[in-house]
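Below: one structure in structure tokens.
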Amino acid sequence: MSNQGLLVIAPHPDDETLAAGGTIALCAAAGLPVTILTVAAHMPPLYSEAVHQQTVAEARRAHGILGVTDSQFLDLPAVYVSEQPVAELNGAIAAVVEKVRPTVVLCPYPDRHVDHRAIFDAAMVATRPVGAGAGIKLLAAFETLSETHWNAPHIEPNFTPNWVVDVTTTIERKLEALACYESQIPAFPGPRSIEAVRALAMFRGTQSGFAYGEGFHIIRMTASADILTGALRPGAS
Amino acid sequence: MSNQGLLVIAPHPDDETLAAGGTIALCAAAGLPVTILTVAAHMPPLYSEAVHQQTVAEARRAHGILGVTDSQFLDLPAVYVSEQPVAELNGAIAAVVEKVRPTVVLCPYPDRHVDHRAIFDAAMVATRPVGAGAGIKLLAAFETLSETHWNAPHIEPNFTPNWVVDVTTTIERKLEALACYESQIPAFPGPRSIEAVRALAMFRGTQSGFAYGEGFHIIRMTASADILTGALRPGAS
Amino acid sequence: MSNQGLLVIAPHPDDETLAAGGTIALCAAAGLPVTILTVAAHMPPLYSEAVHQQTVAEARRAHGILGVTDSQFLDLPAVYVSEQPVAELNGAIAAVVEKVRPTVVLCPYPDRHVDHRAIFDAAMVATRPVGAGAGIKLLAAFETLSETHWNAPHIEPNFTPNWVVDVTTTIERKLEALACYESQIPAFPGPRSIEAVRALAMFRGTQSGFAYGEGFHIIRMTASADILTGALRPGAS
Amino acid sequence: MSNQGLLVIAPHPDDETLAAGGTIALCAAAGLPVTILTVAAHMPPLYSEAVHQQTVAEARRAHGILGVTDSQFLDLPAVYVSEQPVAELNGAIAAVVEKVRPTVVLCPYPDRHVDHRAIFDAAMVATRPVGAGAGIKLLAAFETLSETHWNAPHIEPNFTPNWVVDVTTTIERKLEALACYESQIPAFPGPRSIEAVRALAMFRGTQSGFAYGEGFHIIRMTASADILTGALRPGAS
Amino acid sequence: MSNQGLLVIAPHPDDETLAAGGTIALCAAAGLPVTILTVAAHMPPLYSEAVHQQTVAEARRAHGILGVTDSQFLDLPAVYVSEQPVAELNGAIAAVVEKVRPTVVLCPYPDRHVDHRAIFDAAMVATRPVGAGAGIKLLAAFETLSETHWNAPHIEPNFTPNWVVDVTTTIERKLEALACYESQIPAFPGPRSIEAVRALAMFRGTQSGFAYGEGFHIIRMTASADILTGALRPGAS
Amino acid sequence: MSNQGLLVIAPHPDDETLAAGGTIALCAAAGLPVTILTVAAHMPPLYSEAVHQQTVAEARRAHGILGVTDSQFLDLPAVYVSEQPVAELNGAIAAVVEKVRPTVVLCPYPDRHVDHRAIFDAAMVATRPVGAGAGIKLLAAFETLSETHWNAPHIEPNFTPNWVVDVTTTIERKLEALACYESQIPAFPGPRSIEAVRALAMFRGTQSGFAYGEGFHIIRMTASADILTGALRPGAS
């Protein structure tokens, strides 16, 4: 049976909306199954259980607004993801890929947050083009404001998108979902403020031929060119 | 009116088949319009007019085998492309993009052949995401045996594919088309021999989950994720 | 005699404002001499003389708003800069550096516009750390919307700023100056629209600890660390 | 006493043959001492002891076919190498370098297998140009099918060889040795199938002027140019 | 209250002098507060307590010669820094940044010494442009002889300075301070010998327009251009 | 007939000595044929014929000291090399490679001097691994003080050597040869002063395990590992 649907691997609650909320909403609106796997949680030892519960509740509200069909939480403690044995973290994420069998996977870019790096590594192993991974048509890394751009320029990898999705029709829905994360989103000029998120979308979009965009770094695509052509899909937008 | 079809910008006759013959055959078999724009020709001052005619005839035979719908030749003299004023070369290629209005464009990787570099530059200008370029969903650079891998490692850009197309069903057709280029294709172990081309396809394919592949470097994609998942949905329009 | 002041080397009218208008206004407000050298002009053969005159007039108005002290125009024809013999272009720019003797030089990033590349090359030669160049404390390349981000990702150099200037106090002045370029600045969602320029400034700023910023790529700095700490010391001379 | 001979640091049994079997066979045929240090083993907790014994037996058979003079096994558990304290792993590998005192060292490229990365790091420390390391004339990283090419393009380092060894005379011996690893080598189109290994060798060779090659990334060479010249070695091939 | 002064984060005793002694002496001579945070120590398990005490005493003598105002030691065991939980190492370094509130921070380049990498990572987190970090005007990585240049060329990041400080007036003081580290500094041609350090300074300096220099890789600068200009600081050199 | 000997492609008189004088002297002392091809000349229009004659005479004296067996001069005007049609420059350099049939080729790194870039490009074409090029065992780019390190950091390629030759026994001879270039070599702290050249050699050497070194960037090596091993060459150092 062939793979289908979108899987977004989010390090912490809010990353999926911050980075890919517009794309998620587009896919959901098109009737595709969308799964969000949130790997780490704002839980003890660094956070209280109350904060944990709040962020999960915020995530569920945000996912509802975006039209997510399946929300999964691995509940590893934030900032301690890299202390897990590699084989165990890899195994946990691989099990989800095996079960969901997605066509498109979005994972974090390996940036300044140590959890993002550990989860990027695990996602890379879980999506290798063998077994369930062979059915993935597109694997891409997303841009997370206030972490991705804090990598050291020209020492660590620096995000430059090679894929920008037109989210002009879903940007307001994305910002509405983001506003659910009251515990995470600061006021302007905070680096993850609503204004900053809108500005990034406008920057990515206007450099790509439209108003608002979300940028991604394609890691591996195996889709055939004929899928992308309008001629095969009469009436497709 | 929205863009549609595939445009391959080939520096010289045989590059389109060598680099993307399997992908071209896939698209043609799917009923898509495929245009090949061959920019330079093996013509005077470096080649005789007889060689010129022979290579054009070989190209037309190869294109026929692959199912190409439109073959265009700009007829600039090989190895002298970079002597053209930049504005003129850009204009000539932009005019074709404007007329064809493709969804997917494949251009040469900027490698050791000076013509490939000049044509890469011109293609980058002609496909900017404005005007006709805004309708292009995917722009990618292709791999040309015996030029792409002669770039200086770690000084010049080195080809690493982020898109591999499964050409298992069209690899034999590609090699049949390539064999038309009797004037260009040497015997094994020549760097563009039939055996070398098959070996590269097997290497790219087996590292991507299938038997034979063609590798590309995606420069800009604006396709939405739902196109990739939608096309695989049962009953998708 | 030691160098002093800021020199901005703009490929075409509007680039200086688009890329560095906020920084220019900051320096001018601090009483520093600011020179803009505009290298190319929208003139024949690609443009009419009327357009040429209009863009120069627009530039002079914009420079006035920003507080520029010296506006120089080399008047090379746009898109034909790279057809100049290298020695002549280098000489023309070096002569300006020799005369102005700046402390800080801002030049274009080598991006998708062929003129930007040729002028980057010439600026690199003119600012070598010998002769007048030895007095330059900081050389940096600027970001030009709708050209810098059209370089091919991961093939050509991709802009990542290592210097962001807080232009929160001058962003409105910058946008006012930019609005003078009626012939160059399109409506939103155009890639050089006022909205796009504001969005980029907000993105750069919020990732750097403030509201609005202009990003640069530092090429060579020879300032001593005590200048940076000394200037902030209470009672510093 | 000066160093001599070849040391190959293999992460797991089969990597040495997969990546460098042809080069090993060339050196062995020339009468040079060749040591294979296999660092990790397919052992508990991830594998059974029976698998462990089988892979060691397969390695010994393969080494015999290639003409290896010394086979050493560190027996760290696979996928758990990076859990070792860095000082201990470094010490274990450095001790071998100290004892073998090789002239040429081949180590894994830091790729998608976490063990490969940890062993690359340890090898880099063990071969620093001090002490026994000062006698090493050439240190290079090898290419391991189905791991090296699964690094994320343009985020992680991507393998591009700057050294290709002509293994036309030993390719069949290499494939014969590889066939010993019945537990590791899948059927075509498996990414480590015999056919895939032959295809890579043909691709590397034909782009370098011969039929079959093995590619390496030179990390540090201190050999003098006069060693490479034919004039000093009458009768050398 | 605004930040002021220089903070140098040294992995081990001697790194601060080796890499930045001339710059430290310049700042101290200008009357600026200079803090050295030495993170790791040559202590058990790899070193005896006697060695530990000796290196601390050497460091204090060297700091005295350079004019350092504050010497802090975190006393983590050398080569075991990366075994610390990430959150704890980050917290320890962040606490110092919070207390010192520097304007300029110098940290190690992520090179061949595993401690340097762990401390680079922690320094990057501690200096993010939020909270106390928002007051930092300049963050740069320094060059440590016999570790920085042992990174694998073109696989790991390779040091190329974009900031060179003229230390012609303080090079002799730097070498005098370095000579205090009798336990660490070998005789020529040792890679950290006095002669090697002088040679590097002469190389960096002469390529930048002066006699002796110290090279740095700027990671993030937020200083405004007007700080760098002579016009604002009458009498400044 | 197999290739033999060393070919150094120098852009201008003095580059061969500045960059590779120690290596040239080592090869010459070992009895190998060494050819220097000097491509450009300090001649009209930028220089007088008297300067031209002086630099050629200086080159011949320097070559004599180093033991060069064959000195060839192409006599293209300096700074105008890139104005030559590409096919002609390529042809002129390829003809020399064809005639000399070297085993090792050293060419300029593509740095801040436009002539160096044009000659690098032509050398890359002339040494492709076909025809006479297939006999070249090693192609490497050399480091030219005061041009190579003036490339823009992290925008243009930055020199990091992966091959360092121990020139401890020939450094004095190199400096003696360099001193012949009275018209080209400035006093300290000039960027090409004798002191700067010695400092670079000491820096490269001490980081590689010896006193003085010359660094190169290996572009393509096809030598077999057995050539490098001492065991095959009894009595070899």
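For clarity, chains are labelled A, B, C, D, E and F in written order, and residue numbers in each chain start from 1.
Assume contacts are C-beta pairs under 8 Å (C-beta built on N, C-alpha and C of every residue); 3 or more make two chains touch, one makes a residue touch a chain.
Predicted, not measured: the structure shown is a model, and the values here were computed from it.
S.K.: Check every other chain and keep only those touching both chain A and chain B; list them.
M.R.: C, D, E, F
S.K.: Please name the chain that ends up farthest from chain F once chain centres are defined by their CA atoms averaged.
M.R.: Following the centroid criterion, the farthest chain would be A.
S.K.: Which chain's C-alpha centroid is most distant from that of chain C?
M.R.: D
S.K.: Between 0 and 180 degrees and rounded to the nearest 5, what angle rotates chain A's CA atoms onto those of chain F?
M.R.: That pair's rotation angle lands at 180 degrees.
S.K.: Between copies chain B and chain D, are the contact residues mostly the same numbers or mostly different, with half as the line?
M.R.: Counting shared over all numbers used gives more than one half: same.
S.K.: Contact counts by the stated rule: is the higher one at C-D or C-E?
M.R.: Ranking C-D and C-E by C-beta contacts puts C-E first.
S.K.: Going by more than half of the contact pairs matching by residue number, which of A-B, A-F or A-E reproduces the interface of D-E?
M.R.: Repeat interface, by the over-half criterion: A-E.
S.K.: What whole-Å value do you get for the distance between chain A and chain D if each is reduced to the mean of its CA atoms?
M.R.: Chain centroid spacing, chain A to chain D, equals 37 Å.
S.K.: I'd like to verify one number: the distance from the centre of chain B to the centre of chain E, where each centre is the average of its C-alpha atoms, in whole angstrom.
M.R.: Those two chain centres are 50 Å apart.
S.K.: Just the number, please: Cα centre separation of chain D and chain F in whole Å.
M.R.: Chain centres of chain D and chain F, defined by C-alpha means, are spaced 32 Å apart.
S.K.: What residues in chain C touch two or more of the other chains?
M.R.: If we look for residues of chain C contacting two or more partner chains, we find 129-130, 150, 153-154, 162, 191, 207, 210, 217, 219-220.
S.K.: Determine the shape of the graph in which chains are vertices and touching pairs are edges (line, ring, star, complete, other).
M.R.: complete
S.K.: Which of the residues in chain D end up touching chain E in this complex?
M.R.: Those residues of chain D that touch chain E are 85-87, 109-110, 121, 124-125, 128-130, 141, 157, 217, 219-220.
S.K.: Enumerate the contact residues on chain D facing chain A in the complex.
M.R.: Residues of chain D touching chain A: 46, 79-80, 82-83, 112, 114, 150, 152-156, 191.
S.K.: Touching residues of chain D toward chain F in the complex: what are they?
M.R.: The contact residues of chain D facing chain F are 2-6, 23, 26-27, 30-33, 103-104, 129-130, 133-134, 137-138, 162-166, 207-210, 218-233, 236-237.
S.K.: In their shared complex, at which residues does chain F touch chain A?
M.R.: Against chain A, the touching part of chain F is residues 153-154.
S.K.: For a test of understanding, state which residues of chain F touch chain E in their complex under the given definition.
M.R.: 145-146, 149-150, 153-154, 158, 160-162, 188-191, 193, 195-196, 198-200, 202-203, 205-207, 210-211, 217
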